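Order as written gives the chain letters A, B, C and D; numbering starts at 1 within each chain.
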Amino acid sequence: MRVRASVVIGLVLFAPHAHAQSWAPPADSQRCPSKWGAADQRGAGNHMKPETVLRATRLIRTGEVFELGRVLRTDMPFSPGRRFEMEVKRTNMNAGSNRRGSNEEIVFSEIGQVGTQFDGFTHQTIGDSLYNCVKVADVSTRGGFTKLGIEHVGTLMTRGVLIDVAALKGVSMLPDTYPITVEDLQGALQRQKLTLQPGDAVIINTGWGRLWDTDGARYLRTNPGLTTAAAEWLAKQDPMLIGIDNGPVGVTPDPDPNLSNPVHQIALVVNGIHLLENLKLDELAGKQVYEFALIVQPLKIQGATGSTVAPTAVR
Amino acid sequence: MRVRASVVIGLVLFAPHAHAQSWAPPADSQRCPSKWGAADQRGAGNHMKPETVLRATRLIRTGEVFELGRVLRTDMPFSPGRRFEMEVKRTNMNAGSNRRGSNEEIVFSEIGQVGTQFDGFTHQTIGDSLYNCVKVADVSTRGGFTKLGIEHVGTLMTRGVLIDVAALKGVSMLPDTYPITVEDLQGALQRQKLTLQPGDAVIINTGWGRLWDTDGARYLRTNPGLTTAAAEWLAKQDPMLIGIDNGPVGVTPDPDPNLSNPVHQIALVVNGIHLLENLKLDELAGKQVYEFALIVQPLKIQGATGSTVAPTAVR
Amino acid sequence: MRVRASVVIGLVLFAPHAHAQSWAPPADSQRCPSKWGAADQRGAGNHMKPETVLRATRLIRTGEVFELGRVLRTDMPFSPGRRFEMEVKRTNMNAGSNRRGSNEEIVFSEIGQVGTQFDGFTHQTIGDSLYNCVKVADVSTRGGFTKLGIEHVGTLMTRGVLIDVAALKGVSMLPDTYPITVEDLQGALQRQKLTLQPGDAVIINTGWGRLWDTDGARYLRTNPGLTTAAAEWLAKQDPMLIGIDNGPVGVTPDPDPNLSNPVHQIALVVNGIHLLENLKLDELAGKQVYEFALIVQPLKIQGATGSTVAPTAVR
Amino acid sequence: MRVRASVVIGLVLFAPHAHAQSWAPPADSQRCPSKWGAADQRGAGNHMKPETVLRATRLIRTGEVFELGRVLRTDMPFSPGRRFEMEVKRTNMNAGSNRRGSNEEIVFSEIGQVGTQFDGFTHQTIGDSLYNCVKVADVSTRGGFTKLGIEHVGTLMTRGVLIDVAALKGVSMLPDTYPITVEDLQGALQRQKLTLQPGDAVIINTGWGRLWDTDGARYLRTNPGLTTAAAEWLAKQDPMLIGIDNGPVGVTPDPDPNLSNPVHQIALVVNGIHLLENLKLDELAGKQVYEFALIVQPLKIQGATGSTVAPTAVR
């Protein structure tokens, strides 16, 4: 009893401090215009330049290819309210003297936000404000966004760096709500003898991806992921994109129960950094491939918030 | 009358010859098992090996990137019975103390067969038989194909060669039903001082793509494209894939009115060569970029007949 | 300068008069709770009682049936942003010794708001407020509304009265933006020697429906319809529902350019009266069937804003 | 051993007899043209005549209405491969000085074959042959059937007779695979002191519907239903339609393991009798309402195989 009481007192004493550490979105004036300019629609995608491509190309030494994309299945794990429905359209046409038949399929899906996915800047807001302080109401139509759509991104090809936090901790998978800290990121890089460079694709291995096929419910319930501090530190390293083997990127739930996925805001809204989610990283981590050319081709869906993708690491 | 009669006679005299030139699908025994093995599901995609990637990598010298994919729009040209419907799902969640909002979109589409698209082996048949003589009835379910699905392809990265037939003919766009012959392909390669190698991505410029945004109805009505002879000659060059700036690849309509897009069968069913359609080739042709690394990442849609894609040429 | 000033003065002088004629939504306190009670979800649908059914039944004397519903076609006229896409799912199952096959179809549509349609109370708002001052934010989810959904309506069977305004004016179709006045409604009823009773289904013939199959573009561009005064007069007659042979019910555009379809608000939000739109009334009007049993069975789509329907008049 | 052997012998001896009792589809010549004529598309729907409506009207004595349709929910029981997906489209338009907002919803569904549903004649085949020996290949397009579509049916209003087989057996729900025989139907009618008349809507209560909301998996797995003999006896009574509180109508699985839902063929293909499935009959059975006016308004979906419906019994 006495012990418990003192713990409570301790918590009360530390509460103001803990609260002070939590995160709040920056004011519009602090984040806009973005460093890429007031009219910019591409954010850190602007790192994509011939030099960046050449830097990545120089990392291709064996020609080995790693598929980082998940198979799109109707029964894969989905965030609430999303689905991937597919229906084959068979035609027994037997057309012409060459007896040609043709099949296709109808898909009904939140195609920008299912499977291995690439998040665009219309996906997330702070209040009603997007990246570069574009107002949702000014650019949204029923059929898409008139600005900041995913079609502006284009193919990204850059140096990829895998930060294997699970390996740093000596586990195959981080615990369910493990908060990845700045120290974890720095420690993993040190262990891997690598430093980040501006324009990198930073890919974080938590091991959580091994639940994708085996326990989708747990995969979705919580996840190890970045703290707001770690996300802000990463943003300062000036990457082209941040990728991870879970959906939310940030640790879920956030340690501050008042926050709703702040890491999504830090990356997409505050810093204009695209996210690459639900990556399949087991092969890369298993073979300790820490540096590679990362290639991803988001679909050019006009006005969309993102794109399901099939990215690749090549070394 | 007399003149007309002689024309008829002429037609009769030449008819056997004309008929002999036309195309018929080979018997199953002639095309199966495929040269990649009876259980193969990847066809010419098997050219994708570390050496192939390295060969492509060596062509990247300036880091310049060319986007070959079309923007996916609800009003782009579609083959009959296809569409791309998109509806934004806005949420004014204002969640948490960080006031997070989230948007996504629903898409309803024949997603494997719209826009710039990559054709898989379940897309086309001869009678009821697919590539490697797999029977449609044995592998089709309402939710996808259990064999030969597009998810087996993976990222392709190989030497790309643009064969600019329009430039050979000194036009920006070939005429509406122009049949591209073996001589045209050979002449264009000679003019460009290039030879094909096994495993290449062969990309053919007809100039037809300039109608995509300006006259979709004409884009779809007919098109210049390969003759069956040209397609068979190309197949013999053993490419990884064949790409073009129209939908059907073959000349449409085929000169033989009894044939229904035989070039699709020659590539996909007979030879197991993937097709890449509705490419945007104006920049590549305009800058005379004839040799490059071609990269394409088909979506891994389980059991699908194809995938809309956003391919890239890098030099 | 002097001239311009006088114009301004003129506007100011006339403004009160012009303003007095136009319509503004009543304050919440004036319309809530509705006369059917603060918890009510059915509005004028509450007129549906055994006596109402018996009153309608007594009007069935010949057993003649009139179909008032349009055929649902992919190419029928749609309000912007709506569509009706259908794809047959054929199966050549040949199942069992009885060789059974089965076909079905996939439909992708704003099914509550296409074709001949029955509008529910979640369809329209004044600001963020629905019928009975229910707030949209309190009852909307991505998958439907938790209150006021169309599933609460049920079959409606009541005395139907056709008010043939076109016939009153001696035309087969009212002009493009003809505003139907209170006098028109009263005149037409007098001509038809009928009076309205509480609980009636009031059906208005403008003749506009003849454009449905012949000129969909014009059908949608403008339409003859009710003025706000006529709508308010009708609401005072206490009908179960109001039906018409166009989409907006109100005259379009409204004579006051500042108003956006106020008749929809008067019926659905202010008075809780369901609307029945895009009716096929040619046979009813042609045979001068002015009094009948009106039967409509809205689909019980959980939480939906409306339902496409196939209503019937029986006499 | 000896006993088992004799059993085997017995089975062998009786096998021909057992086989003779089972059902086989009639030859085309035996069922075509249908009794309604070679060009007929409406089958027993042709019973719908003014006299039929008047006969039904005379049964309306109290004005009491019974809703027989299920609420359409995304989580209701579905036959394999079907679904009902709905997404609200909210618009915070605040349009005009009247601040009008408008909501609607997108639905993606096999809308003809979900919930309480009305089966049309293109739904089922014997081999490739539909009702009236129409060949599937001759009338099917990707967007619908050019003949026998559900749009030809129209509102049906006729005398409804509930045959309560569960009540006859003294149970609230028949056992899982209970085969309803001719004797059961005749016994129930005798118990209820009713006889069938040509043109009736025959509605069968098995009690199975009580699983709809409580155990969807069991609802779908098997069900009590008609034997082929009972279905053929019913067809001879010349009804307008047959309705029931399960999906398949026939007992599932059929006692003959070689047969695939033969009752669907007997009704739809052989006899041109529409089916009404997944009815909600608890109130009707509970109040012993055995005779009533049955009203159903199938949606006029052009070329569709059926329609979800919200039918009504009125007495």
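Keep in mind that, in the parts below, a residue touches a chain if its C-beta (ideal position, glycine included) is under 8 Å from a C-beta of that chain, and two chains touch if they have at least 3 such contacts.
All values derive from a computational prediction rather than experimental measurement.
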Exercise. What chains, if any, are shared contacts of chain A and chain C?
Worked result: B, D
For this session: Touching both chain B and chain C: give me those chains, sorted by label.
Result: A, D
Problem set entry | Averaged-CA centre spacing for the pair chain D and chain C, given as whole angstrom | 31
Exercise. In angstrom, rounded to a whole number, how far apart do the mean CA points of chain A and chain D lie?
Worked result: 49
Exercise. Could you say which residues in chain A touch two or more other chains, in rising order?
Worked result: 81, 87, 89-90, 92, 106, 108, 142-143
Exercise. In their shared complex, at which residues does chain B touch chain C?
Worked result: 81, 83, 85, 89, 91, 108, 142
Problem set entry | Contact set on chain B toward chain A in their complex | 23-25, 48-54, 57, 60, 62-65, 67, 69-74, 81-82, 86-90, 92-113, 115, 122-128, 136, 140-145, 151, 154-155, 157, 258-262, 264-265, 295-306, 308-312, 314
For this session: Quick one: which bits of chain C touch chain A in the complex? Just the residue numbers, please.
Result: 81, 87, 89-90, 92, 106, 108, 142-143
